[in-house]
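Shared chain: chain A. Partners: chain B in the first complex, chain C in the second.
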Partner chain A sequence: MSKKQEQVSVFIMGKKFMVPAASTIMSALEYSGFQLKRGVGCREGFCGACATVYRLKDDFKIRTGLACQTVVQEGMLIAQIPFVPAVKPVYDISKLEPTITIFKQLYPETFRCLGCNTCSKACPQDIRVMDYINAVERGDLAKAAELSYDCIRCGMCALRCPAEIGQFNVAILAQRLYGSCLAPKSKEMIERVEQIRKGQFNEEMAAIKATDKAALKKMYYERDIEPGESV
Partner chain B sequence: MTKLLYYPGCTLKADAQHFEESAMCALKELGFELQELERWNCCGTVFSLATDNTMFHLAPLRNLLRTREEGGDKLFTLCSMCYNTLKRANKLFNEDPEKNDKVRKAMYEEAIAYDGKTQTLHLLSLLRDEVGFDTLKNKIGKGLNGIKLAPYYGCMLLRPDGLGVDNMEHPRVFEDLIRAMGAEAADFPFRAECCGSYQTAQQPEIVAERTRLIIGSARKCGADAVAVSCPLCAFNLDQRQAIAARLHSDFELMPVLYITECLCLALGIEFKEPWKAFHYAPVDAVIRKMEKKA
Partner chain C sequence: MYPSYMHESLKLVEQTRPARLKIAREKGRSKIFPSMTAEEREDVLHKFHPDYKKDAKHAVRIGPNAGEEITTEVADILESWPRINPDTFEPMLKKPDMETDVLVVGGGSAGASAALLAEQTGARVLLVTKLRLGDSNSVMAQGGIQAAVNPQDSPVRHYLDVMGGGHFDNKPELVEALAMDAPLVVEWLTELGVMFDRLPDGKLKTRHGGGTSRTRMLSCKDYTGSGILRVLRDEIECRNERIRVMDFTPAVELLMDAEGRVAGAIVQNFETDEYFIVRAKAVVMATGGLGRLHTQGFPTTNHYGATCDGVVLGYRAGAKMLYMDSVQYHPTGAVYPEQILGFLVTEKVRGLGGQPVNKEGNLFVFPLEPRDVEASAFIRECLERNNGIATPSGQQGIWLDSPIIEELEKPGTIERELPAMVRQFKRFGIDITKEPMLVYPTLHFQNGGLDVNAQCETNIPGLYAAGEVQGGTHGRNRLMGNSQLEITVFGRRAGKFAAEYALALKKELPLNLDHVRAFSKEVQKLGIDRSRVSPILLPDYIPSHIKEKQMTSHYLGTVRG
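And then the complex of A and B:
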């Protein structure tokens, strides 16, 4: 006789469901019959599509996490946040200077930060969100880009911010400006782009395109991850 | 070299870079090295006077907490606004049990709890109490002899009573420092008048009128330049001269220098070329005059 899987009760948008105790919030949603069309992506904790807010039983704190990475607990109250409507002005990155002025124009609300750190508390990636916003405020874009590197744009920081800042879009701008204007250029990358331009990989690319799925998978998992060092 | 844990604040990384650089040069000459806090955030800009203001005190208190995290109990500042905000937040933390409880609870995610023990130290206090004006005078010698500087305190260095760097009604630290540099301190009735502060963002004309009054008074006293220690005062007294000149045809520009720029000149340290670009009223002539003296 197979041992019965241990179950816990969770509340998905207020309604009670019994789900396997070892499941993530995402699998609990699907186990309970929800078909996920938004709020799901990589299922690996990389894409940031599955932002979730929850409370634990007898706990006043609003907690945030990624549905694909967070394991359910008995009595958990769950809601999904598939999209966060943050400010997102249009700009042409090649025309911008890596200075504080551009943030004052495009994201003036950045400078309303109160230092409450609610954003960092909310970040499922454990990023020091407040610190990168403050780095932007003082024009230190290298620091802002470095601190925000792991951001997956889940949007939880923006939803919790009393100053209504869209931190993750501010971070993208800082990262783009850092990458295009400030970061030391990689010699290897310049060479590689040149090689691609010259068509050095055209044949290899055509071969990959003609490969079937199983063989492709095998190639992917056996690939060389760190080919040499960058300069 | 004595190391000082240093809180720059945002303005010194943006519009007042010459304040930071000149302070570092001068302090190095006097045996102090500024070690910037590893982690810091905006000071909160102003000390909030609203009753429901707990949230606004988190920013300054967090910087005081970082100081403790980094093993210090003194935090050195140059900007008068930062100084004021940090110091007042700490007083509130230590003296208002209700607010103390609230802010502690709001900072539950921090690695350590703040204990209220970070002292905020301003440049002027350091020069007076730790270097000593006599020592400074001996080191400088004739210095800026023949130069007359108008010491401008503004509000944030002196108020509220008991938290400022000196007596609120009869301050003398700025004058004493100017004398230690060998210069003459102008007896300057507008030295502690408000510069108009953040009105500058919404209603620059109001500030330009203050600037005209303050600068005019310094001129009447025969000052060569106004000396300041606050980036907001500096902005208002210097950049707003543009509007003052536009509104009043008889208004004459006057250089506004950070006290640290003056100190560099008194100590014989070169006034760096890039610092000049941060100034609105031209500083070349007065710098040449000061260089000749030192």
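And then the complex of A and C:
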């Protein structure tokens, strides 16, 4: 263990704190004495709870990032954005047609996109946000779903968007429509579900459940393993 | 950007790669290293698994499992004072602030599935969760979810694999439900709009995971948990007429009625510190795991709210626990760079052909042994055989050779299959398509939990449990992909059965906190210091030099009272 850690100064909502140079913004907050409740979730870049805006020393740019994934720098000015208000209409997914029309009804502002690309620049996941919004505008939901898939709903794009679009909600609708209606169906899965509903495995399952531990162990260690990958 | 002293060892990994590649190609990936016999597994577990260490377990002294050895850190929070004083709350119980048929505690995929099925069954639902709906372990799962959907596979084979992985200690009725419901859950999720990875003809992509005898690991790239939970959350938001969600509102104690049934909970508004009395005909506990207890000082993969609250609350109300002597250490947690210490490196890396190698670049274990065995083998390689690589901060690790995947499959595979992993390491200057990762076991999963049957009923009427908080499905060792499955299978079951129970319930009796009072007496008898309080709700990462100066706020665990 290194004895004396190198420290840097950061400004948390304007107030100065000295923190270890290797800290993430999140650990810097905790090191400074903040007991976090909002603005923290998975701590590994998966939940989008920790959206943060910051400026670097002598730099005019407002930058965006995830507090749990961004290392502090000397002179950094930090503020967390724990909540992003966004439009969220209610719908019954099973009743929607997977077409552009539904987006025109539920998210008409999507079609006001100015093509400024600010959203993509703000995205900590490096998603081509503008491109998926444009895909929705063209009615290409498969593309929109694919391009937006790594979205963790941090909300930074929506906050920066001059057209006031709530991109992440648009994205989830595109994904759900793709997943439920447009994606090709798996014949194998449908057949397996039918077999289970018909009770095809019930007898065999009852038998293996009744097998004693020693016999089960033997079955297990002797079972054949499917080679390689099916994909 | 690995420090220069590691370069020599990195070179060795590159040098041995062609030979390792050749074996994988010629003999097949399942033959690159002999897998252990039953005896060898036993041996490495007993000598190196953290659960077997002295002091890892203590006999819990009070409650329904009194006398049983359980994980020490869990025993400590069970033998703790409640956060609330029953006497101050008693008068409030006559006038509940909210009433509902089913109260769901927890906003991961188990809780979300339970809420949806309870609503579908006809119940009014209130879902309370500690952080935001979706901030959970569920959202973090990368690797996949198991389901026997292929023709060459079957639920019965799935059953056998799960039992073997759990060393045959699993509860058979739970494993049966798990394996038989799996394809049904996949169908349900697909109808809701989850985008599972597919081939062009629609066939679901399947891979192997540790301990599978057939390829049955489904995935949504490496955002499987997020891909599922974002859809469940959206669906809940679309049913907001009948499912009410309260974020930042943890449950701090269960409520009971005169007949000994669970009949609601006390919840705390995390931001205003108001407490509310929620009367519910049934409660579904879906609070997830315990990673933030940092057992034996291990770093963890778990989300911020994984503090074992559900077990504490249920136990105080008289619910029995099963296998709380066992936690899962995932073999591959990141150890370098320091900022991502403990972060999960998904098992899918090994599923795709990635190989664990020591400082000499040599394979020392079959890459897909059951997790506890694999983790123990890593610890042995570092501690006994001295073949680990030390990090600048004094941790040990072994290499996980990811670049080999690009050659085994095709170039671009890592980017396509593991985008989250690539991004994670790239943020800290490491390109995992070209360089291996440095890994060591990390605290990952609560194997045990509240003892339930296949209807998710605990031994206390009105109390259901589903997800990581339940015990028994995995015995003492879970296989990858069976937890994402467990939370949806049993979340759905808990929601359905809790709703049916709630809707059939005739009379509602006055609420009480007698169980908390009785438990406190026991705690007092043990002479436990008043400062030891549970559920702990949030971990405490404020350094001591700051804490010493926080003079006027007194602490209840980590949260100011």
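Everything below uses one rule, namely that the second predicted complex is superposed on the first by the 183 of 231 C-alpha atoms of A that agree within 3 Å, B and C clash if a C-alpha of one lies under 4 Å from a C-alpha of the other, contacts with A are read in each partner's own complex, and residues count from 1 in each chain.
Operating definition for what follows: contacts are C-beta pairs under 8 Å (C-beta built on N, C-alpha and C of every residue); 3 or more make two chains touch, one makes a residue touch a chain.
Just so it is clear, the structure is predicted and the values come from calculations on it, not from any experiment.
K.L.:
Is A:I172 contacted by the first partner chain B, the second partner chain C, both or neither?
P.N.:
A:I172: touches chain C, not chain B.
K.L.:
Once the shared chain is lined up, is A:M130 touching chain B (first), chain C (second), both, or neither of them?
P.N.:
In the superposition, A:M130 contacts chain B only.
K.L.:
Once the two complexes are aligned on chain A, which partner has more residues of chain A within touching range, chain B or chain C?
P.N.:
C
K.L.:
Tell me which partner A:L114 touches in the superposition: chain B (first), chain C (second), both or neither.
P.N.:
The answer is first: A:L114 touches chain B but not chain C.
K.L.:
Applying the touch criterion given at the start, work out whether A:Y91 contacts chain B, chain C, both or neither, answering first, second, both or neither.
P.N.:
Second partner only.
K.L.:
Considering only the contact definition stated at the top, list the common interface residues of chain A for chain B and chain C.
P.N.:
On chain A, the chain B and chain C contacts do not overlap at all.
K.L.:
For chain A, which residues count as touching chain B in their complex?
P.N.:
Listed in rising order, the residues of chain A that touch chain B are 100, 113-117, 120-121, 128, 130-131, 134, 137-140, 162.
K.L.:
Would you tell me which residues of chain A are touching chain C in their complex?
P.N.:
Contacts found on chain A: 1-2, 22-24, 27, 30-38, 40-47, 49, 69-71, 88, 90-94, 125-126, 145, 149-150, 152-153, 172-173, 175-180, 183-193, 196, 201, 204-205, 208-209, 213, 216-217, 219-221, 223-231.
K.L.:
Would you pull the chain B residues touching chain A in the complex into a rising list?
P.N.:
8, 10, 13-14, 39-42, 44, 55-56, 58-60, 62, 106-107, 109
K.L.:
For the complex, give me every residue of chain C touching chain A.
P.N.:
By the definition above, chain C touches chain A via 28-30, 38, 131-132, 134-136, 139-140, 148-152, 154-157, 159-161, 163-164, 168, 172-173, 176, 179-180, 183-184, 186-187, 190-196, 198-208, 213-215, 220-221, 223, 225-227, 230-231, 234-235, 237-240, 248, 270-271, 301, 303-305, 337-340, 343-344, 392-394, 419-420, 423-424, 427-428, 538, 540-543, 546-547, 550, 558-560.
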